[in-house]
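Should a chain be cited, it is by its letter among A, B, C and D, assigned in written order, with residues numbered from 1 in that chain.
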Amino acid sequence: MSQLGPKDIITKRIALMFKDGDLVNLGVGIPGLVPKHVPAGVTVWLHAENGIIGSGPPAKPGKEDPFFVDASKLHCTILPGGCTFDTTLSFGIIRGGHLDYTVLGALQVDIEGNLANWMVPGGPLPGMGGAMDLVTGAKKVVVATTHSSKDGSSKIMKRCTFPLTGVKVVDYIVTELALVEITPEGAVLRETGPGVSAEEVVRLTDAPLIVPKSVPQMAL
Amino acid sequence: MSKIKPLEEAIGHVKSGMTLHIGGFYGVGTPDEFIGEIIRHGIKDLTVVTNDSGTPEEGVGRLLYAGCIGKLILSWCGLTPIVPELVQKGKLELELTPQGTLAERIRAAGYGLGGVLTRTGLGTIVEEKGLGTRITVNGTECLYHPPLKADVTLTEAYMADKNGNLIFRRTQNNFNEVMCTAADMVIASVYKPIVEMGELHPDAVNVPGPLVDILVQQKGALS
Amino acid sequence: MSQLGPKDIITKRIALMFKDGDLVNLGVGIPGLVPKHVPAGVTVWLHAENGIIGSGPPAKPGKEDPFFVDASKLHCTILPGGCTFDTTLSFGIIRGGHLDYTVLGALQVDIEGNLANWMVPGGPLPGMGGAMDLVTGAKKVVVATTHSSKDGSSKIMKRCTFPLTGVKVVDYIVTELALVEITPEGAVLRETGPGVSAEEVVRLTDAPLIVPKSVPQMAL
Amino acid sequence: MSKIKPLEEAIGHVKSGMTLHIGGFYGVGTPDEFIGEIIRHGIKDLTVVTNDSGTPEEGVGRLLYAGCIGKLILSWCGLTPIVPELVQKGKLELELTPQGTLAERIRAAGYGLGGVLTRTGLGTIVEEKGLGTRITVNGTECLYHPPLKADVTLTEAYMADKNGNLIFRRTQNNFNEVMCTAADMVIASVYKPIVEMGELHPDAVNVPGPLVDILVQQKGALS
C-alpha cells in the first residue's frame, strides 16, 4: 500500500509517463508537483508560455533577475541547455505539436475529452491565458485532478457544463483513483490507484467508463 | 536625426482614443515609465492590447485603475478585480483572447498577412462570442481572426543602439518583439545605456532598428 | 545639360527620393547604382531578402565570411548599426509595409501600375524569388528602367503582356527621360529628364500619359 | 542519450520518396555534407523544399544533377539550367513560390496554423496555376496557401550545444530557423565544435534544443 497522498499519487503517475528529453508544459496547481517525481536518469525540459525552455528552480533571495519570471510569475533560473524566446515562438512550440505533454488542472473534464478549466459561470473572469492553445496543440493532454470535488461529485463527467477550454482534446485523466484514457470508443479505465479496485472507481465516477477485463494498479 | 527623446516628448505621441500595443508578461518587459507618463497626462479611452493586466500596482493594471482604458484586448486579467466591475458598469469593453492567437493576430498585422487561421478556440466561447469565425481550409476546420494593429507600440528593451536595434533579456521579450512590427509608431524604453551603432552583435538583435522610431533612456540607466 | 549617362540619371533621381533613415531594398541591375547617388547627410539602410539590414561594401579578398552573402550572392560586410535575421522576419519587413522603397528593374511596366520583371514567356524560368513580395509589401514601388527597349519600343506600355510580378503595385517609373507617377487617374508625367521636353517624352512613350500644364525637369 | 551522431547514421533517416526541407540561400546555410551523403546513398524521388537550387556544383543543385529530386518547391532556380530540361522531359515537378509565401507556408506547418493568407501573388501566375486560392477575409482579397511540412529538415548551424540548441551566423540563418519547426525529424550539421549545455547564451539561441533531433559535427570543426 502506497504512503503517497492523493496529489502525489496523481503527479507521480504522470511523471512516469515521460521519456528522456520530453518537452513538457505544466499548468498551475497540482501539475506543479510533477517535477519532483520525475525518475533519476530522465531529463524533462519544462516549457513556460512566456518564452522559456529549461526553467530551473526559483532564484535565491536577493538574486532575482528583474527580467526573468516563469509563467507563474516566480523569479526563476535557467538550467544549462535551456533557452529563452519570444511569445510567437513559444506558442509555435505549443500549437505546432512540439510539446510532448501538457499537464493541466480541471474544473470539469468529461468522457468525450472536453475540458473546462478556465472559468466558472458567474464567477470571476480571469481569462484563458495560454490554456486553449496548450490543449489544442500539445501532443498529449493530461488532466491532473482529484477524483472528486469538495462536494463529493466526481470530476469526470458525462458532459462538461462550464465554458470549455477545448473540445475533445484530453488524452489522459489521472486522479488518485484512476488513470483514464480518452479513446474514440469512450473513456477507458487503464489503471487504478494504489489499493483501489476497478469496481470502486466505477462506483465513484458519475460517467460510464469502459473497463477492460484486467485493470492493473498504478506501478508507483 | 537622433531617435533618443526625453520621456515627456516621446509619450506626447500617445493621444486619447488611440490603440496601443503594450509589451510585458506579469509586468516583465512592460515599460513602467511610459505607463506612469500616460497616467500623468490624463490620457483616456485607450484601446490596450497586451498579454495581461498585471496588478493594481504593476503593468497595465495601473492604467486600468487610473481610468485610462476604454477597451482591453488580452489573454488574462486575474489579478485586477476592477476589470469585471468596469465591464459590468459598461465602462470597459473586454476582449479575452487565447494568448497564442493574440500573438499571431499582432504578427499578422506586422507581417502584412491577411489574418490568422487556428484550431485554438474551436467550439469555445472564442467562437461563440464571434471573436473567431469558423472556416474550413485545406480540409480542416479553423477559426479565422483578423490582424490586430496599433497606433503606437510601447516596448521595453534591455539594450539598444542609436539606430534603434533592440535586444531583450530572458523573458523580457514576450510580446515585445512582435509588437514592434505592428504599429505606426514604436517607442522603446531602454534599460541599459544606449550604445553607439556597431556595439551590438548584429546576429543578436531582436528588433531591427528601422522598426523603432523613438528611444527613451530609463532613469538610473547611466548610474 | 547633365553629363550623366542614362542609368545614372535614373538612379540619381531615385536616390533623391529618400529621406534620412529610409529602409530600402534594391533589385538587381540598374537599381544597384542607386547607393552611389545618395546625398551626403542622408543615411539609407539597405535591406536584403536573405536577412540583412545595413549590408555594406563587398568584403575584401581573403576576408570573405563564408556565412555572409547579400541577396546577389556577393560576400558583403555589415555596417555599424546593421543586423541580421531569418527569412520570416525579412519578409515580414517586406510584406508588413516596413520598407520605405523597393527599387526594381522591369521587363515591362504599364500605366495601370502593373509590373512584369521575372519571366519572359517561353524564356528561361528563373523563379520570382522575393519580387512578388517586394512589390506587394513595400510602401513605395519604384521601377528603374531605360525608357526604351533595345528594339526601340517604349518600356512603359498600355498593358503588360508578360506574366506579372504584381497587379497595380507600381508607384513611380523612373527612366532617363521621365519620372512618371501612377495614380488612380492614370500615369502622370511629373518630371522630364535633363534637356528633355514633355512633348518628347509623350512621343517616345507607347501609352497615354497625363501631362500637367507645367512639367519641371529633374533637379539633379 | 546523445543527439550527436555520425554523418552516415544521421542521413540513414532520409529515405527515397520523402519530403525534405533544406535550408540555405545561395548555398549559405545549406548542409553540404548532408547533400553529398544523400547522393552517395543514391536516394531518389525526393520532394525538396528550399529557397533556391544553388548551382550545379553547390547547394541543392548537386541533388538535382545527381537525379535525386522528383519535385522541387522553391522561389528561384536561375543558375541550374537542368531544371527546365527536366521539367520538359516530365522528370521533375516544379512549384515556383514567392519567397515570403514559401517561408510562411513552412512556418504555418511548424507553428500549427491552418495556412497562410497573403496578398502576394494576387492576379499572377501563382493564382492562375492554382498554387494559391483567392478568398476574401476581413474585407480584403487574399491568396490562401496550405501549410508545408516535411518528413526531415536538413539544416546547418554555426554553433550548437549537446541539447541541440542552435545559433546561426549572419545570413546562414535564412530558412533554417523556421524549417527546424516544420518536420518530423530535424538533423543539423554544426560548423563549430559542439559545446556542453550551459555554454551558449540562452537569449541568443535561434532554435531551441528540443526541436532538434540529431546533431552532426562537420569535418574539420575540431581542428
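The rule is simple: contacts are C-beta pairs under 8 Å (C-beta built on N, C-alpha and C of every residue); 3 or more make two chains touch, one makes a residue touch a chain.
Quick caveat, the model's predicted, so the values are computed rather than measured.
Asks: Between chain B and chain D, how many steps is the shortest route if every step has to go to a touching chain?
Replies: Between chain B and chain D, the shortest chain-hopping route counts 1.
Asks: What chain lies farthest away from chain C once each centre is taken as the mean of the Cα atoms?
Replies: Ranked by distance of C-alpha centres from chain C, the top chain is A.
Asks: For the chain pairs B-C and A-B, which is connected through the larger number of C-beta pairs in contact?
Replies: A-B
Asks: Report the inter-centroid distance (CA atoms only) between chain A and chain B in whole Å.
Replies: 30
Asks: Take the average of all CA coordinates in chain A, do the same for chain C, and state the distance between these two points in whole angstrom.
Replies: 55
Asks: Approximately how many whole Å separate the CA-defined centres of chain A and chain D?
Replies: 34
Asks: Identify all positions of chain A at which a residue touches two or more other chains, and write them in rising order.
Replies: 78, 84-85, 88, 91, 94-95, 136-137
Asks: Which residues does chain D have that touch at least 2 chains other than itself?
Replies: 104, 107, 111-113, 118-119, 168-170, 202-203, in rising order.
Asks: Please list each pair of chains that are touching.
Replies: Every pair of chains in contact is listed here: A-B, A-D, B-C, B-D, C-D.
Asks: Which residues of chain A touch chain B in the complex?
Replies: 48-52, 65-71, 73, 78, 84-88, 91, 94-95, 119, 124-133, 136-137, 163-167
Asks: So in the complex, which bits of chain A are touching chain D?
Replies: My answer: residues 20-21, 23, 45, 53-54, 78-85, 88-89, 91-98, 136-137.
Asks: Give every residue of chain D touching chain B within the complex, in rising order.
Replies: Touching chain B: residues 104, 108, 111-119, 137-138, 140, 142, 144, 146-147, 167-170, 201-204 of chain D.
Asks: Quick one: in the complex, what on chain D touches chain C?
Replies: Its residues touching chain C are 25-26, 28-29, 51-52, 74-78, 81, 83-84, 87, 94, 96, 98-101, 103-104, 107, 118-126, 158, 168-178, 191, 206.
Asks: Tell me, which parts of chain D touch chain A in their complex?
Replies: Within the complex, chain D contacts chain A at residues 1, 107, 109-113, 161-163, 165, 181-182, 196-200, 202-203, 205, 208-211.
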